[in-house]
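Next up: some structures, all given as structure tokens.
In the two complexes below, subunit A is the common chain; its partner is subunit B in one and subunit C in the other.
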Partner chain A sequence: MIVAILTLLGLALFFGLLLGYAAIHFKVKGNPIVDKLDAALPQTQCGQCTFPGCRPYAEAIERGEAEINQCPPGGETTIQELADIMGVETIPLNDDHGEHSDTPEVAVIIEDQCIGCTLCIQACPVDAIMGAAKQMHTVIADECTGCELCLPPCPVDCIVMLPIKQNIERWNNPLPLALENIPVVVETAPKVVQGE
Partner chain B sequence: MTEYLLIIIGTVWVNNIVLSQFLGLCPFMGVSRKLETAMGMGLATAFVLTLSSISSYLLYQYILEPLGLEYLRTLSFILVIAAIVGFTEMAIRKTSPLLHNVLGIYLPLITSNCAVLGIALLNIQASHSFVGSILYGMGSALGFTLVLVLFAGIRERLAVADVPSPFKGNAIALITAGLMALAFMGFSGLIRA
Partner chain C sequence: MSSQQYIMHGGVHVAGHKALSTDKAMSTLALPERLMIPTRQHRGIGGKLLVAEGDYVYKGQPLTEQRATGSYLVHASTSGTIEKVGRFLVPHRSGYSCIGVSIKVDGKEDWGNYRLAPMKDFVTIDNALLLDRINDAGVVGLGGAVFPTAVKIGSGAKQGALKTLIINAAECEPYITCDDVLMRTEADQIVTGIQVMLKMLSPEQCLIGIEDNKPEAIAALKEAVAKLDHRTIKVIVIPTIYPSGDAKQLTKILTGVEIAKGKRSYELGILCHNVATAHSLYKAVVLGEPLLSRLVTVTGAGVKEPQNFDVLLGTPFTHLVQAAGGYTNKAERLLMGGLMMGYPMHTDEIPVVKATNCVLVLPESDLAYSSDMAMPCTRCGKCVEVCPPKLLPQQLYWHSRANDLERVQKHNLADCIECGCCSYVCPSNIDLVSYFTHAKGALREERQKQEKIDQARERFEFRDFRIQRDKEERDAKRAEHKAALQKKKAAMAAKKAQEGENSVSATDSKQDAIKAALARVQAKKKAQQEQTSDSSKTESKQD
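Entry: the complex of A and B
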């Protein structure tokens, strides 16, 4: 009996260690460019770029199957970063995918009106909505990425987007007045036409 | 030498793993819709069966039998086969992406299949030698691949055939499998078991 237990335990331990070692030693590193692109994206996982999340979008950019201007939550800053990583010129945000808003917003459920249909829970890409069927739902504000994906499915339109209140942890330092009127110019190298 | 040849012929034709032992029926029905997937599955099975025959033989011969723990063979075989196949899959993914593309998705599918465990247990029951058990595993896998590819070929043609509606889909596939098993019964008695 003891021998049997010890044998099985020994076998399990040995193979567990072997697999653990293999998981580290044979780890296949992903494409470093994809990791960089993924890090530059805002991680809202909103799918407005038409890809199912930020990482698939990063992979599509790396394969050259997607433009770098498809991320509304990221806006100009993200496009700039993506352009730097890919070594291409910046292009303006593609309006087909949505508009960029400068103030970070968070979804708030008007709880008096919520009928507990769970439709917004299924729509939320980051599981930031809590609730159950026929129970009132609420948004976990810290988890909400402000992607607005929960707005269309709500049958009673009880979700509103509110700007995030500023406090000591979330503080938007306003630009100095003088800077606001200076247009942002993106310098691009003159195009070299070959064969002339 | 004749002994080894007989093991191969026996496992491929006479005691075919699918059609006369009725093991591994789920991949037989599941991945036989297309010829290419059938080939991939066959290759992966050959790989896993050979590997599991070796490992289960060594485990039984050098650990279970000396300790008098023969009754633990089913449990420990599952453990060892799953772990070794998992390890090999990781090693292949690292060392040979090409091979991983061919076998990759099928390896985890076949790992804890009844065919794999069944062959390991039958191997012990028949008390083959080391080389004998490797050949037994390989022969079974060859038989499996052969039948799977034949069946996939038939099913590809069946897909466009005008089948009466009560027999459409899996029903006609099962009837086909039964007819194939009948045909393979013709090989019984070719060699003495």
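Entry: the complex of A and C
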């Protein structure tokens, strides 16, 4: 019993020290500009910018190796912020990388089709999928960034992207109806062609 | 202590329409056929459901269990069978549904053994036990904020040295009279509830603030307080002006203290509770009854017989309206809450919850804010004059409209108490307060989004670290393994060598002889070689 406790304690201590050491040793060396750029990125970690995550993209921008218009999840607002930080002109989103969408989505595993292969778990950049081999997997919706990286590896295509559900907690009081926020559509009548 | 009064900034005089519902005595409602009880009726998250479809529940039986902090109990308001567990419409502006249960009422009002032990001599009972009791009874602030009372009292007690306990009996909202009726009929019980708070908080003074439009309630309270001969409790009559019943405004009026931005009132030694909350404390502690019912005013020109009811939580609005004689032909709008701060409801198929103080049915023309199309702001400044926390609603309006969240924060949007005074006075019919609730929501969304982004960054970095760590652990293990293997090999070799030595020692001399012979031969060879190479050298020289 005591041996077991001591062993566990020893293990805990060892991993604690390891973690502490790693936290210092592997800490990404602070670079204020990279930090700023990284803070402006949406942290979807989707890789559409062709870099393996937002921070690597930030580093590439800082080194001048990437344009500021490669992040589709961020869209125009992110480009604007990146341009401000880098002191350059804004440019439109490069649609080679993808399209910007305003509706946030999360991945949902159709649970009775999941075969428990763990491939999606390995693909998730933020460890938002829970499950063990041959057990059904689940996406932790609160932690999913909507990057879609788990879709391609799934051998049975049982992961779908769904828009985040509106509910009481998320709902916001709408703006009152007033002239300025009623969308106006101006339709011009077709030109009346005078008879000959 | 002086009972000097201070003047709150701004505010508006609105026709009270209180006589509509006050002249009738409080009525207890016949049991409805079924109750709908949502699991979340307070600030925070809903508790974990403890019951399933088909279960029999007793009156007072907890329906939920507390998850970690932030969730509080709801109870079965009467006995019956759980008919459905699922989503129900709730009184919320959004019109979205919420998890809850429906109970088919059996009419027995059977408590089983779910009544909590009465604590009549609460003065001798430990504060921690009292706090647990208030928590177990699911008591929340009944003034509208539905903040858990145990948490509020707990944080007040932790702060130590409370100066002033304020009991909010102002009831400044037009149309609502449930607190008035409660004070008139149950003043003694309210005062006992206040004593529970005094026992737990031991403040220097306790001020009951009440507007001068409720003479009967004032008399009843004064009488109940006089009976006690408790010098710390004082009933203070204040002028009628909306929104004197807002906790911050009442604090200002009674003590002169303005609660600075970002401060909690208890940090300044002040705590404010509603009268109805004091009453439910009495029930929870002295009678051992959880919060199962509350007083609700059903009123407005849209109902035939406006009055106050003692209503079981979960009773459908339809049942209430029926008991009040049904709708009149003026019933055009349904609001939960008063005229100024009430929310429009999408349907009457919703239950009374802990926050329901009033069911208000009105014709369009009686609404506080005209629904005519808003006109441009003329910068008349009327909204600035009435704003109790001294904000600049006009500026806030421009910035909210432009969705400039930075500027609205600079203009102290967080201090807006959403009283609606600005909307009420605006000659251009601008529904200012709706812009502000929207902007507050947008700020909250922004905050949540940022939190999620930060969380994603952290998790991404941790994953990187985890992968690195796993690799290093694997490498370390591999290295260890290799080292162990090598050690084993070395050990084996050493063993072999030793074994060899043992056998060798016997033939030592022989070996030595051979070695010596070998050495000799080698020396000879070397000498010969040197000779030949020397001769070759000389030869080459000669050439």
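Simple rule for what comes next: the second predicted complex is superposed on the first by the 137 of 196 C-alpha atoms of A that agree within 3 Å, B and C clash if a C-alpha of one lies under 4 Å from a C-alpha of the other, contacts with A are read in each partner's own complex, and residues count from 1 in each chain.
Please note the rule applied: contacts are C-beta pairs under 8 Å (C-beta built on N, C-alpha and C of every residue); 3 or more make two chains touch, one makes a residue touch a chain.
Keep in mind the model is a prediction, meaning the values are calculated, not measured.
A.B. asks: Mind working out whether A:Leu11 is in touch with subunit B, subunit C, both or neither, as first, second, both or neither?
C.D. replies: first
A.B. asks: Should A:Glu143 be classified as contacting the first partner (subunit B), the second (subunit C), both, or neither?
C.D. replies: A:Glu143 contacts subunit C only, not subunit B.
A.B. asks: Classify the contacts of A:Ala133 with the two partner chains as first (subunit B alone), second (subunit C alone), both, or neither.
C.D. replies: Neither partner.
A.B. asks: Is the number of subunit A residues in contact higher for subunit B or for subunit C?
C.D. replies: C
A.B. asks: With both complexes superposed on chain A, which partner does A:Val3 reach: first (subunit B), second (subunit C), both or neither?
C.D. replies: Only subunit B; A:Val3 stays clear of subunit C.
A.B. asks: Looking at A:Arg55, would you say it contacts subunit B, subunit C, both, or neither? Reply first, second, both or neither.
C.D. replies: It touches subunit C, and subunit B stays clear.
A.B. asks: Need the overlap of the two footprints on subunit A, from subunit B and from subunit C, as residue ranges.
C.D. replies: 18-19, 22-23, 26, 28
A.B. asks: Can you tell me which positions in subunit A touch subunit B when the two form their complex?
C.D. replies: 3-4, 7-8, 11-12, 15-16, 18-19, 22-23, 26-28
A.B. asks: Could you please specify the touching residues of subunit A with respect to subunit C in the complex?
C.D. replies: Per the touch definition, subunit A meets subunit C at residues 18-19, 22-23, 26, 28, 38, 42-45, 53-55, 125-128, 142-143, 145, 166-168, 170-176, 178-181.
A.B. asks: Residue numbers of subunit B touching subunit A in their complex, please.
C.D. replies: That would be residues 59, 63-64, 67-69, 72, 75-76, 79-80, 83-84, 86-87, 90-91, 93-94 of subunit B.
A.B. asks: Can you list the residues on subunit C that touch subunit A in the complex?
C.D. replies: Its residues touching subunit A are 90, 92-94, 96-98, 373-374, 401, 430-431, 434-435, 437-438, 441-442, 444-445, 452-457, 459-466, 468-469.
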